[in-house]
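Heads up, the next two complexes both have chain A, just with different partners, chain B and then chain C.
== the complex of A and B ==
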């Protein structure tokens, strides 16, 4: 049961945090929540398809199909986050009152359509990958009713804890100021993009596209990846206790556009204020 | 926060779920440890059983060339597959295998060190207790399949954990229901406010009201009391003003008429005086009309009104003003009925037609229509006067707002209240008024859209 809790909690927590952050963003910018229904439907449908064709996908490309699909999904989510970050970055440098009254200002200054499209894309693809793993995991126990009961109860507990944490985080973030939230959102996007890029590197290392090398450091003695804290950090920022050079390079390649967007908006703000 | 109830239910269920499931996980891990200790204790009890039988036969078994193999006992009860299979080996102090159960290998499965250990054989992982036999008669190695121990322990613990998971939807429903009861006074108060007419200023009953809402109800009652006294003051003032102003103005008018007859030649200032009195009378009438049709004071009940007949009647009553300026008046339309107040609607048509006549040049055109289009009744008043510029069309509904200030050359009195009154009547009837370009070369088209009503009992009813 503990294994089921850990595996499902890890998947659910990551999805719950992404959904929570984007829902709070919607609320702060007065965007209707309708998009989440489409995103959830898209995520569930695509995860079911991925789970159904898991064996066919795994056998494709000389047995490397699963890794390629995972890498592609991670990459697409990163791209969505970069676009979202580029839309919210100018708001970080506006005056507090501007951000506070942003929902009341003219629609034309808010590129909502692009933001909503990216949010649907990010949530849908994140769910596709994570929920597909849950389908496959639970499906593995269908033949044994005793094990299935344990897996289902563990899964329910994992889903419950992950969703509850998402809900509590949502209400904590809803009551902070729009400006403070946008700062938190940007940091979250940076950490998440970095974590996901390390997962891409890991997938490509597994199929030999990239050469594995000795880890740059090993922090498993401080925080083990398979401990509760390690699982939590993995879900939050894609924690890896012993990354190698390629993973670190991937991390910075994904994080760099976000940092450049931040610097560019800061520079533009300073220039206009002169 | 859009709904207090949803906010509280979602947050409370999330907190209860988190606490409940965290407790379930903690309980599960603790129970598994406890079960592990119990299973180990049970193995120790098996050692005691073996000690009753085997040590006395130690020498005999040492002499045997091969270990004795105990066959697997045939169980009558096959309905308990979850009981862990117990296997054992008996090993001499020198490390020679003396006896074993059938499923055990011939090799000694682990080191002869007293305590709990793990060993892999027969495709399974086994939990092994190594214990010294009594009277220095060798070692017992008792083994249980680890997966069966785990499953047995988990099946017991899951019986305690499952209800905690199943209970969450039930807890959610109970929280929803209890909060519904708790928030009922708020819903009742909101319903009472919502159901009230605009003119109902009775204080809110606050007996048996929870203390959290008492303050709100008391403040609302205080506000209603002040509002009511303010309305009463205003109504009294309007009534007094109507009486006190109309009488002296009428007297002034008579004196002015007399003056015009008595003095010959009539001085220019006497004509200006007459115009001033006319204008003052018009202004007072308009202000009183505005006050009468204000939503706060409007008390009339709506009835079916024949808008077409009413329009025709207003045209007839305006015939003098029309002939003064030789204006061509046209009327066309369907028979239209709406639900409304005939007096207020007459004022509306009167004001619109009056404006059209006022701003149309001599020999001009004024057209009135009443159309029935589906569920909508349309009243149109169109002239070929100077019209109103697009950017001014919203402002003309403001009180006392006059196009180009007072510098109009209509020659008739005006005070900038006509369209405000018209808008007020339109709002009272939940209708819509729009000012657009007339289909003449110049001029204004006023369109009022009402919801069509049922036909009244009498066809000539207005």
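== the complex of A and C ==
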């Protein structure tokens, strides 16, 4: 049962944090929460389809289908995050520091429909990959009711812990000022985009499309991926203690648009205030 | 200099070129155990691992040291490229059965 708890917690942790951050964003921008229902439905449906067609996907493209699908899902989530970052970036500079919630009528959040669409997409596709693995894992115990029961109870505890951590994080963030939260959200989007793009590189390395090289550095003696902190960072921001040069290039390719968006909005803000 | 690096990356992205001389090794999964549990591969060489899951249940091949992770459905096979690796031991495990499914890739000259 402990194995099931750890496996499912690892799978749901990243999705729980993404859902939490986007729900707090929704609250801060006075956007109704009903989009999360569509996002969860999209996640459950797409993950179930991925699990149902797991054999066909694995065999596709000469046995590389799983990696291509994963890379496509990571890429789509990165694009959603870049659009979300481009919409919230002006708010980092325009929002008064004492305001806790912004009204939906605020001129700056006019493209909120695009924001909701991207939030649905990001949550749905993040869940697709992670939950598909849970369906496959639990499906492996269908032949043995005792093992199935143990896996289901372990899974429920794992989901419960992940959800609890999400709820705690929500209440820690919802009471800070809108401006402070949006800054945290932007940093979170940068870290997550970087981590996800390293995962894309890893998929391509795994199928031999890219060639591995000697790792650029090795921080496993400081934070090992086997440690609880390493596991946490791996689940949340795709921490890798010994990345390849190509992974670092992918990291910066994903992070650069976000940094440019930030610089551009800072420049515009300075120009209008002169 | 940048152009040369760009060409090098493009060349690295050609699977037809890079897969032509890659040595292949097979690992099988029986009863949630890896066979062989210690696989010796040449150091400083890109290697193609073929993992055959002979169990009816799925397994996930995972290794932090190798930076690899792949679900292998019951009765299916999967291909994973690893390396070039420096000489040393690189543990891997089955995430769905971590207590029993343990193994090591040993890279040596």
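By our rule, the second predicted complex is superposed on the first by the 260 of 274 C-alpha atoms of A that agree within 3 Å, B and C clash if a C-alpha of one lies under 4 Å from a C-alpha of the other, contacts with A are read in each partner's own complex, and residues count from 1 in each chain.
In this section, contacts are C-beta pairs under 8 Å (C-beta built on N, C-alpha and C of every residue); 3 or more make two chains touch, one makes a residue touch a chain.
Remember, it's a predicted structure, so these values are computed and weren't measured experimentally.
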Combined model on chain A where chain B meets chain C, clash or fit: fit
First, second, both or neither for A:150, with chain B first and chain C second: first
Where the C-alpha centre of chain A sits as vertex, the angle toward chain B and chain C in the overlay (nearest 10 degrees): 150
When both partners are placed on the shared chain, which of chain B and chain C touches more of chain A: C
Partner chain in contact with A:58 - chain B first, chain C second, else both or neither: second
Contacts of A:171 with chain B and chain C, given as first, second, both or neither: first
Contacts of A:5 with chain B and chain C, given as first, second, both or neither: first
Which of chain B and chain C A:210 touches, first, second, both or neither: second
Touched partner set for A:88, first chain B, second chain C, both or neither: neither
Chain B versus chain C as contact partner of A:161, first or second or both or neither: first
Smallest separation in angstrom, by C-alpha atoms, between chain B and chain C in the superposition: 7
Interface residues, chain A side, partner chain B - complex: 1-2, 5, 146, 149-150, 153, 156-157, 160-161, 163-165, 167-168, 171, 174
Complex contact set, residues of chain B against chain A: 1, 7, 10-11, 13-15, 17-18, 20-22, 24-25, 28-29, 151, 154-155, 158, 161-162, 165, 168
List of chain C residues in touch with chain A within their complex: 9, 12-13, 15, 18-19, 22, 46, 48, 56-58, 60, 64-65, 67-74, 76-84, 86, 95-99
Contacting residues of chain A [partner chain C, same complex]: 3, 7, 54-55, 58-59, 63-64, 66-67, 133, 136-137, 139-141, 143, 202, 204-214, 224-226, 230, 234, 240-244, 246, 249
